[in-house]
Amino acid sequence: MSDRGLTHLDPLGRARMVDVTPKEVTHRRAIARARVYMQTETSSLVARGAISKGDVLAVARVAGIQAAKRAPDLIPLCHPLLVGSVFINFRIEDRFIEVEAQVETVDRTGVEMEALTAASVAALTIYDMCKSSDRSMVIGDVTLWEKTGGRSGLYRRDPLEPLGADALPGDFDGSLVATLDPDLDADLDADLAGDEPEELEA
Amino acid sequence: MSDRGLTHLDPLGRARMVDVTPKEVTHRRAIARARVYMQTETSSLVARGAISKGDVLAVARVAGIQAAKRAPDLIPLCHPLLVGSVFINFRIEDRFIEVEAQVETVDRTGVEMEALTAASVAALTIYDMCKSSDRSMVIGDVTLWEKTGGRSGLYRRDPLEPLGADALPGDFDGSLVATLDPDLDADLDADLAGDEPEELEA
Amino acid sequence: MSDRGLTHLDPLGRARMVDVTPKEVTHRRAIARARVYMQTETSSLVARGAISKGDVLAVARVAGIQAAKRAPDLIPLCHPLLVGSVFINFRIEDRFIEVEAQVETVDRTGVEMEALTAASVAALTIYDMCKSSDRSMVIGDVTLWEKTGGRSGLYRRDPLEPLGADALPGDFDGSLVATLDPDLDADLDADLAGDEPEELEA
Amino acid sequence: MSDRGLTHLDPLGRARMVDVTPKEVTHRRAIARARVYMQTETSSLVARGAISKGDVLAVARVAGIQAAKRAPDLIPLCHPLLVGSVFINFRIEDRFIEVEAQVETVDRTGVEMEALTAASVAALTIYDMCKSSDRSMVIGDVTLWEKTGGRSGLYRRDPLEPLGADALPGDFDGSLVATLDPDLDADLDADLAGDEPEELEA
Amino acid sequence: MSDRGLTHLDPLGRARMVDVTPKEVTHRRAIARARVYMQTETSSLVARGAISKGDVLAVARVAGIQAAKRAPDLIPLCHPLLVGSVFINFRIEDRFIEVEAQVETVDRTGVEMEALTAASVAALTIYDMCKSSDRSMVIGDVTLWEKTGGRSGLYRRDPLEPLGADALPGDFDGSLVATLDPDLDADLDADLAGDEPEELEA
Amino acid sequence: MSDRGLTHLDPLGRARMVDVTPKEVTHRRAIARARVYMQTETSSLVARGAISKGDVLAVARVAGIQAAKRAPDLIPLCHPLLVGSVFINFRIEDRFIEVEAQVETVDRTGVEMEALTAASVAALTIYDMCKSSDRSMVIGDVTLWEKTGGRSGLYRRDPLEPLGADALPGDFDGSLVATLDPDLDADLDADLAGDEPEELEA
C-alpha cells in the first residue's frame, strides 16, 4: 500500500446510476408540462403563423419528440429505455404557450425525465423561434403532472397546488381530470413517506 | 408538369436556419438562469450533500456544460458554433436552487440558446437527482439575463421586471450589477423596435 | 379563458410517435438496397482499391452499420429499438455499386427504417469517398426489398416492378429468391388493403 | 524488431481524413436534391395534409436541417464545419415529392455532403411518414446540383444529363438557372481533369 | 451482368454485427479497470482537490457513466443494449489513480465493452483535468476483471497474471475476492477452448 | 436572503470549461499512441485477416477517426473545435498492436485530447473485434508523443522515458525521430515550470 498516507479509497460512488435490473417490466407513462411566458403580440404572431423563422409549433413538436429519445444522453444518471410513444400538445393563451408532453414505455423504469425533457426542449425551441420578436420571454412551470406504472400506481399533481413561487395555476386543459382514486391515495402516502426503490428510477 | 392541378411549389421554407455567413465574427457572451423550486427539506439535503443518488451540484454542473455544447443538436434552427467557455454556478436557498450559466464564443452568432439550454439541463439534472425525495419540484424562471456582442451591444434584464405569471423576483446574486449604460439604452431601444437581422441569430 | 378570441387548443398532435406499447415482441427483419451510379472508371478504381481517400467499401460498411443504430436519432417519428444484427453487402457493377443492408431485432416494431437508413448512409459514404474522381454520381433505387415479422408476415418486393421513374431493374443478386409463398400472397393483399397498426411502426 | 517475420508497418493510412488546414476560408454553398417516388394517391394525401402520422413536409424539413448539422457524425471522412444556413424546399408532383437542400458556410471545406445528407434524410423521413399508406416507394435521383466556393468556382449540373439508369430528368424548378458563365467553363474543365486537392474536401 | 469481368460479389460482409437475436435474455455484469499513471505531486493535488480545472473525480465519474451508455455509438460492431446500472470507483495511489467501472444489464449480450469504455473515458477525463500540471501521464492497464452472465458463467482475471508488458500487478482493492469456484473453472476451460457464440457478443 | 443560514453561494465553478476566446488561432497538431497487448496467436490472426468478426484494422481506423471528432462530446471540459485532419496508423508486433493517431486543426486550442481519444477508441475497437479469441488482452501505454502549436511550440516525449509502471519502452516506429532541437529544449523547460494558460487548453 501507499507509504504516503494519502491513499484514498473512494466509497461505492458518490453519483451512480442505480440498479434497475431487479425491477419489473411494466407499462409506464408520464405527462409533463411547461410554459413559455411572452408578450401578447408574440403569442398572437404564433397563432397566426406569422413568425418569420418558421412554423413555431411544428418545429417545437419535432424537437420535443426527439428530446424524449435523448433524455439518457442529457441527464447523466438517467437510465436508457425504449420510448414507445410520444405526444406533444400545445395550448396558446394570451400571455403564454403551454406545452404538454406524454411519453409511454414498457420497461423497468419510468419515463418522468423523458416527459420533462421533451417539454423543456419544446419550450426552448418556441423561445428560439420567437426571440427576435420578444426578448421578455420566460420559461416556467416545468413540472410533472401525471405518472403511472411501477409500485406507486397513479400519481397526479393537484392543480390547486401553487407552482414555483406562488405562480397562478392558470387555466388547465379540461381533458386532464383531477379526481384521485381513494384507494390510490393511501398507497401514494405510503410510497412518498419512505425511500421507495421505485422512486429511484431515472 | 402535373395535369392533376396538385403541383405544390413550396416557398423558400417555412422553417429555416437563417444565414449568418455575412455576419461579423466577434466575441459574444450570454448569461441565463433557471430555478428548481423544492421543499425546504430537499434543498437542505442538497446543501448537506445527503442526497443518496449522488453529488447533486457536481453532476448538474457537468450536465450543464455538456448541454451548452449540444444546443445545436437539440434546437433545430440553432446554428452550430464553437463554445469557447462555459461557467455554471449555483445558489441554494430555502425554497429553490438557482442555476446560472455563462457561455462565451468568438463567432458569427450569439450564445443565448447555449446558455439557456445549459441552465435548463442543469435544472433537469437537479430534478432527476432529487425526485425520489421530493415530488413537488417545479423548474421555472428560465430566462436570459445578459447578452453581449453583435450589433445590440449589451443587453441586461431588469431585475425588477416580473418573471412569468407575476412570480416574485426573488433574491438575486449581487455580482450582477443592473445599472445600464445610458448610451446603450438608446441603442437598445432602437434595436428592439425594428426587425434586426442580428436578432435572427439562433 | 382568453378574452382575445385567439386561444388555440391544438388537437392531439399533428406529428406523433405512435404507440407501440401494445404490440407483440417478435423477431423482425428487413432488407433494403441502394445504388450509387457512377462512371465506369470510378467503379473500376473502387474494385481495384485505387481510390486515394481510402478503402471505400470498408469505410462505407462501418458507416452503414453505425447508421442502422442511429435511425431513431435521424428520423423524428422512428421508435428506438435494440438492433440485434446488421449485415452490409456490396456488389460492384460497371455503372454502379449496389449496397444491401439487412437488419434484425426482437422488438415491438420493425426495422424497415433502420435498413433503409443503413443503405442510404453507406451510399452517401461511397459518394464521399469517390467524389474527387467523379462528379456525375447519383444515388438511387433506395428501397425496401424484404420485410418479415409482425402481423403481415413476409413481404418481398417484386423484382420485375419498375423502380422510380422507369429505371431498369438491373441485375439482382441471385441469393434473393423472389418466389412468393401463395398462402402469404393472400395475407399480403389483406394486410395492404386496410390500415394495419403494424404498418404504423416506425 | 519482431523475430516472427510478421511485423506489419501500416502505411500512412488506407482511409484518412485529408488535411484541410492549408486551405482558404471562403464562402461555400451547395444545393442537392432527392426524390421520393410514390403512388399518385400518396402524394395527394401529403398535399392535402391527410397523412395520419403527421405533417409530412414540416417533419421532413426539420429532419433535413438537423441532418445537415450531423453529416460529419455520419460520414466517417467528412470534416466537421460550422453550417451557416440551411434551406429545405419541397415540390409535390403526381408521382414523386422532390426535396431540395441548400447549405452554406464560411470555412475551409465545402458543404456538398451536408447538402446531400440533408436531402437524403428528408427523403427518408417522408418515406417514414407515408409508409403505412404506400409500400411501393423508392428514393432516387439523389445528387448534387450546384456547388460554389473554393478553387473550382461554380459548378452546376446539366439538367439534360440523365440521372442514374436513364431516368427522365423530370421537371425542374425554374428558380435554378442553368446558364454557365463561359469563363468558369474553362476553369471547370481544368479542375475536373486533374486531381485537385480542393476536390478532396469532405 | 457485367461484360468487364470486374463484377465483385462481396461475401457476407467482412465486418458485421453478429446476430444476438437467438440468445437468451439474462442478467449480465462486467467490471473493468484502468489506471492513469502520474507524478506523485499530481495525485496529491487530486486527493487534496487542488486541481484548478475542477473536481477531477466528480467530473470523471460522470464522464464514465455517460460513456457506458455510448459504447454502441463509439464501437462500430458493439450491439445496443439498455444499461441497467453503472458504478464508477476510484483509488488514488502515489503513482496512479485507478478507475473501476461496473456495468449491469438484463439483455441478450454482455456489457464488457460498456465497462471498458466507461473506464477508458473516465481515465481520459482524469488526464484532461490534470494535463496542465503533468505532461508525463500515461493511461494503462485497461482490462476486464470480471464478467458474469451468458453461457460462460463467471469469469475473473487472475490478479497474479501480468498486465501488458510485465507491469507490476499493483495493489488491488480488497473488495474483489479472487477465489474461483472450482465448478466454474471447468466450464471456463471448455468455453475458452472453442468458438462459443457467446463470446461473439459485442 | 435566507433566514436559515444555509445560503450557499457557489464560487465561480468547481469544474469549468476555461475561456479560450482570448487565445490565438494557429495551426496545432498532436500525436498519441496506444497499445493492445495480446497473445501471439491473436496478433497473427489479425495480420492474416483471419478474425471472423471482420477486418480489424479497417474498422478500428474508422472508429478512431470518428472518435477524434467526438472528443468534446465525451470529455466534459474539452472545448469543441473543427478537426482539420486525422491519420490513424497501426503496427502489428508479436505481443501487441500499436495505434498511432495524428490530429491537426487551425484553432484556439490544441488537439491533444482528440488524438488520445482517437487512439483509445481505436484500441477499444481492436479489443472488441478480437475478444472472442483472446480474453487476456490489455490496453496500455496510452500517451501523448508529440504536440505542436500554441505558446509551447514543439513537445516530444522522450522514448527512453518509462511508460506506466516501468513498462519496457518497446520498439518504436522509425518514422518518429526523437532528437530534440536544443533551442526548443530551453523553451520547453521554461514552459513546463510555470502555469501556462496555454496548458489549460482542453
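Per-chain numbering from 1; labels A, B, C, D, E and F assigned in written order.
Here is the rule we use: a residue touches a chain if its C-beta (ideal position, glycine included) is under 8 Å from a C-beta of that chain, and two chains touch if they have at least 3 such contacts.
Just so you know, these numbers come straight off a predicted model, no measurement behind them.
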item: Chains in simultaneous contact with subunit C and subunit F; value: D, E
item: Shortest chain-hopping distance from subunit D out to subunit E; value: 2
item: Winner on C-beta contact pairs when E-F is weighed against D-F; value: E-F
item: Where subunit A and subunit F are represented by their mean Cα positions, the distance between them in whole Å; value: 38
item: Centroid spacing, where centroids are CA-atom means, of subunit C and subunit D in whole angstrom; value: 18
item: Whole-Å separation of chain centres (CA-atom averages), subunit B against subunit E; value: 36
item: Computed distance of Cα centres, subunit E from subunit A, in Å; value: 33
item: Per-residue multi-chain contacts in subunit D, two or more chains; value: 13-16, 18, 55, 58-59, 62-63, 66, 70, 76-77, 82
item: Pairwise chain contacts, counting only pairs that touch as defined; value: A-B, A-C, A-D, A-E, B-D, B-E, B-F, C-D, C-E, C-F, D-F, E-F
item: Touch list for subunit B against partner subunit D, complex; value: 1-4, 6-21, 72-73, 76-77, 79-82, 107-108
item: Footprint of subunit A on subunit B - complex, ascending; value: 13-16, 18, 34-35, 37, 52-55, 58-59, 62-63, 66-67, 70, 74-78, 95-96, 112-113, 116-117, 120-121, 123-125, 127-129, 131-132, 135-144, 155, 161, 163-168, 170, 192, 195-196, 199-200, 202
item: Complex contact set, residues of subunit C against subunit F; value: 55, 58-59, 62-63, 66
item: Sites on subunit D touched by subunit B in the complex; value: 27, 40, 43-44, 47, 57-58, 61-62, 65-66, 68-70, 82-94, 104-106, 171, 173
